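Before any comments, here is the structure.
Letters A, B, C and D mark the chains in the order given here, with residues in each chain numbered from 1 onward.
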Amino acid sequence: MMFLQLDFPAMLVALLAALSAALIGNVLVLRRQALMGDALSHMVLPGVVGGYILTGDTKSWSMVLGALVAALTGVGLIVIIRRLGRLDASTAIGVVLTMLFALGVVMLELADASNVHLDIEHALYGSLEAAIWIGPLTWQEALQPAQWASLPREIPMLLAVLAVLAIAMVVAFKEIRLTAFDPDYGAALGLPAWVSELAINTAAALAVVAAFDAVGSILVIAMLICPAASARLITDRLAAQIYVSLLIAGAVAIGGYGAAAWAAPAIGLPAALNAAGTIAVTGGVALAIAAGWRAFRRHQPGSAEPTPALNS
Amino acid sequence: MSPDLRTVANAEVVHDAVEVGSPLDISGLTVAYDRAPALWNVDYVAPKGGLVAIVGPNGAGKSTYLKGALGLTPKISGRIAAFGAPITEARRRIAYVPQRESVDWEFPATALDVTVMGLYRSIGWLRPVRKKHREAALAALAELGMADFAGRQIGQLSGGQQQRVFLARALVQDADLYLMDEPFAGVDAATERTIVSLLRRIASLGKTAIVVHHDLQTVTEYFDHALMINVRRIAAGPMADVMTAENLQKAYGGRLAAPQLAAAVG
Amino acid sequence: MRQILAHSCTVARRLILSCVLAAFVTIPASANAKPTILATIAQLGEPMSRILGDCATVETLLGPGVDPHLYRLTRSDVAKALQADGLMANGLNLEAQMRSMFDRLSVRKPVIYAGELLAPAKIILTGGTVPDPHIWMDPRLWSEALSASAAATAKAFPVCAPDISQNKAVVLAEIAAIDAYIEARVATLPPSARVLATAHDAFGYFGKRYGMTLLGVQGISTESEAGVAHIRDMAQTIHDRQIAAVFVETSTAARAVDAVIEGARALGAAVSKGPALFSDAMGPPGTYEGAYVGMLDHNATSIVRALGGIAPECGLNGRLNIARHQKDTAG
Amino acid sequence: MTDYWHSFWAALTLGGGYNSVVVMAGLTVLGAAAGPIGTLMILKRRPLLADAVAHATLPGVAIGFLFGIWLTGDGRNSAFLLSGAALTGALAAGAMHLLKDGARISEDAATAAALSVSFGLGVALLSLIQALPTGGQAGLNAFLLGQAATLNQNEAWVLAIAGGAALILLALLFKEFALIAFDPGGAAAQGLPVKFLDLMITGLMLLLIAAGLRAVGLVLILALLVTPAAAARFWTDRLPRLAALAAIIGAAGAYTGGALSTALPNAPTGAAIVLTLSAIFLFSLLFAPKRGAIAAILRRQSLRHALRRRQILVELAAGANPADPKLARSLGWIDGDGSATPKGEAAAEAWLRDERLRDHYLADRPEDAGRLLAAAFTPLTDLLPRDVIAELERHEA
């Protein structure tokens, strides 16, 4: 019963969030925008505060919506500053990230919102462990659709986000590949760089903000990067990279949760560890293994042999 | 006003006349990235059919010319028409071959994947790549002697092979105008021969290729027209008319060694 | 089930929902001979465990020195909450991270929000709108909250009703005694010295109860950033009003207080850093300060002595060890 | 309103009281040191390494705390906390390096991975600490925001010493740093210890983070490292000036932001400084005279306009009717019936002459084409020395 009520929903939320993050993470890694997740996690603050100021409610869609608005504004600012100032992406990210976060802190003070427990931690680091499923007591009950209504609200939301991302990935796969690989050629074919930049950043902001609300920013930032970067080291094919990254994301989410929940107490620690943090660390372990494997394979003789043509 | 001066001015005005249906008709193209213009008031009407080399010293704006023609770089002024229509309406008929160094060759894609990109526009945005597209791309690769490498990740290809992939991508597009940015840079002799024969075939089909080329030794051999620029247009027209010692001096100044000059002028 | 008094509309709505659902839900634990009740903070858990006596086991979630505003749940905590037969929290948004989970669990087991059982008029509203959750700082008010919580517990666990009625009086009498002690000790302070300067505004109820003016360096939440103006003004006030001591708390870092003291001293004030007070957290379990009465004794005795009033060094019950808790406030 | 101006001015002249002076002094030195370090980091294309390193101090703080409990029973030992933070910060920088050079992961992905994984480790360790029955973990995780307003004298001294030491090292080794930032290959050829110097830049950054992070928070440190350096780029290209300007902007932003936070109620210090720096950045981005966005737009506009005038002159010189009679008439170059005025004739003639001289000049020195054409509408006589003009005119004759 404990597993069904406590661990199963938390693992499901972690899994769905990790899969969405990994999916869009593949695109960000290829486009060298891996730091977007970190940037978003800071840039949403003024939106969260603004959402609170407008509605006076600390836990509602208004704050998620505010976060999304702030995220899109921040992304737009980064793009504009890059273009106007001819700065590289990381510099523009550093400037905009600190600016918007500071703006959020000032809004927090001016609106006297600091009187509320609108703590930034809570807004940004939603708790994975709190996603319990109170409904069913047995697996038989759990299989009845009537019980699904009592699933944590994060699950349908994350499922929807994952579905939207997956469909977008499939439909726009060739455009994503084209604009990530050779934006100039894409523009020469009639697909301007700003269109893809806007579309991808919007999708990333949507996915990331939805996942922040459910599992917190640490897990999301790690899952944006680690699975995709690991898969990139393992395979040279884009489609394979995406599938491998999803596999890694799933394994890391489940494995990391297991390590936090059971392995830690089993080795004598006084309590379970924070699951989001442990999943992030597990993602790092996966990346380290992939990097090691790549280095090992490079030193193997014969790795540079030509491979036969694929008749696909 | 001296009659001599009047002729100069006349020449410039006459150049503004639009030759209807030319594959590429550019007038008054001025592009500035930062403060100094990269291209200054360049007019050029490409011939229908034929191989044109864009020559000029480093930093003369040769690549900028191609990008400006394609609308990839914001221009200060200038009119661009392709096949008698605005460039946006003619994109399908134009194949662009960017510089090889402009992309990340570690990118997870095979030679075939990259070649298929040439068909993306005719497939249509957000529509899937089908088997027939892959077959067409494979045929283009085969034409450039790359059939055996279709499934190879592009980072594992040699420089010449990578260039061939880019050419296959342009070839599969079945365009009427080819804009190539330094295709001969850093390729092996075999690839160079392949590119030359590809260019000849383009010309023989009555199509046009405009190619940025930096090697003055081979330019007269490979091409029949030239556009010589050094920020401004120095000269344009049939190869022999352009590659004069006077023009070369105007474009390159003291930067051209005597033997090169001799070879270029022939 | 569920003697949860509706404090707000949302709670009321949830309550209706939980009552409806409760009709179909069996509470396995109610069959249990000795129920387990999980309390979030020790200020609630410790007195409740004594009120419930041997009838129930009361566990406390947050350890010493933990800031409940920022506490992050781990699986162990959620498992405890799932396994417990009843849950007790302060409410009023103190346990921000846990609220939604507790609300969801309320369909399964009694969830008591002690602070929300009080009449809304008694709750201090910060900035006119936001309830201040640190009710335990006023022993009289907290007695009411404990009393109401005990009644709610007795209804939820009828088996415990006799124990509760037996123990409640003892515990509440102890609290009344400490309340009288604090009132008398604060009275020894000259009216001008009745100013309590602390690192965060956890002492609103304390100040209201005993007639002390409050000065806070940070806002009510531990997650906000102060401006220089605020620090400077506070230093100025401390100088102008000749305040003898500024206090830090065990659950917040002491930097802000250090800066204020430095600023005041630069103005020529003779101000010292008072002993660390317990605000959101209490002392280690098993010690005198780990109990609610001991915590209040520690706070009041420290405050009165540091501000120049008269109070016995070892507090009301002769068990205080103020020096021992100083190390927690370094840095 | 005037009250605010008054107290702002008082704060600017160090009359804002003890706390104000301490905060402004400490942060101004920090800002001055962070500016040039940020400049070098941007040049080496790793401006957000600081972000990763700062996040990576969290597990170090947690480890230092646990270590302190294990050794002394008390976690709040600042020596342990600080060395832990420095250690994991350095480890993260090293891990990033390995990922980037060893595994060929791009800079941004390596940074993001190091950042999120180390921060995740920190969060996991903190959840362990909060379960310990020891207490005293207050404030361990409060580093995103920091409390710059509560800087005390000791901390200000630490910042001043760390910042001052960094500035002195930067000044002494600036040539070497500049060389390895621009041209590591060349620097190695000259026998410079490139790896060591590279490590030193990272080390200086780590020093500032270790000294300032707990006091002023991650966001302020990051802003002091990135924003002044980015803003300075709009004013100059030359590295020594760039670094000096970044130092000045960093110091001025910290100083002014500190004063603002003294003068205004409810102005959080760190945020006030970040926003002051952001304002300087946005001002530079828009209004810098040469590289600013507005200057660039105006330059394009005037170039476009000049090209239109030139076209009219071409047409006039050829005896044709201008295709843009409106502009030609407004310039007084043609009269009502479209024929050239004497003024127009003269302008056309002057232009043609200038163009011819330009041709002659460029025929000899084609490599000057870009530069000479940048000033295409300035009369050549204003651009070239008189003897060169005379030489060209002889040629023409």
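By definition in this document, a contact is a pair of C-beta atoms (placed from the backbone, for glycine too) under 8 Å apart; a residue touches a chain by one contact, two chains touch by 3 or more.
Fair warning: this is a prediction, and the values are worked out from it, not measured in the lab.
Between subunit B and subunit D, the least number of touch steps comes to 1.
Averaging Cα coordinates per chain and for the whole protein, the chain whose average falls nearest the overall one is A. Counting C-beta pairs in contact, the chain pair with the largest number is A-D. Inter-chain spacing, taken between the CA centroids of subunit C and subunit D, is 48 Å.
Subunit B and subunit C have CA centres that are 76 Å apart. Centre-to-centre separation between subunit A and subunit B, using Cα means, comes to 42 Å. In terms of their C-alpha centroids, the spacing between subunit A and subunit C amounts to 37 Å. Counting partners per residue, subunit A has 105, 109, 120-121, 125, 232, 260, 271-274 as the residues that reach two or more other chains.
Residue positions of subunit C touching 2 or more other chains, listed in rising order: 70, 72, 74, 76, 222-225, 227. For subunit D, residues that reach two or more other chains under the stated contact definition are 104, 123, 126-127, 131-132, 141, 145, 266-268, 270-272. Each chain pair that touches appears in this list: A-B, A-C, A-D, B-D, C-D. Looking at the complex, you find that subunit A touches subunit D at residues 29, 32-35, 37-38, 42, 81, 84-85, 87-95, 97-99, 101-103, 105-106, 109-110, 120-121, 125, 218-219, 221-222, 224-226, 228-229, 232-233, 260, 264, 269-274, 276-281, 283-284, 287, 290-291, 294-295. Subunit D contributes residues 104, 290-291, 299-300, 303-304, 307-308, 310-311, 314-315, 317-320, 345, 348-349, 352-353, 355-356, 362-367, 369-371, 373-374, 376 to its touches with subunit B in the complex. The part of subunit B that touches subunit D in the complex is made up of residues 1, 5-6, 8-10, 12-13, 28, 30, 32, 34-38, 40-41, 57, 59-60, 76-77, 106, 230-232, 249-253, 255.
Taken together, the subunit D residues at the contact with subunit A in this complex read 42, 45-48, 51, 98-99, 102-109, 111-113, 115-128, 131-132, 141, 144-145, 219-220, 222-223, 225-227, 229-230, 233-234, 266-268, 270-272, 274-275, 277-278, 281, 285-286, 293.
Subunit C contributes residues 63-67, 70-72, 74, 76, 217, 222-232, 235-236, 249-253, 255-256, 258-260, 262-263, 266-267, 281, 284-285, 327-328, 330-331 to its touches with subunit D in the complex.
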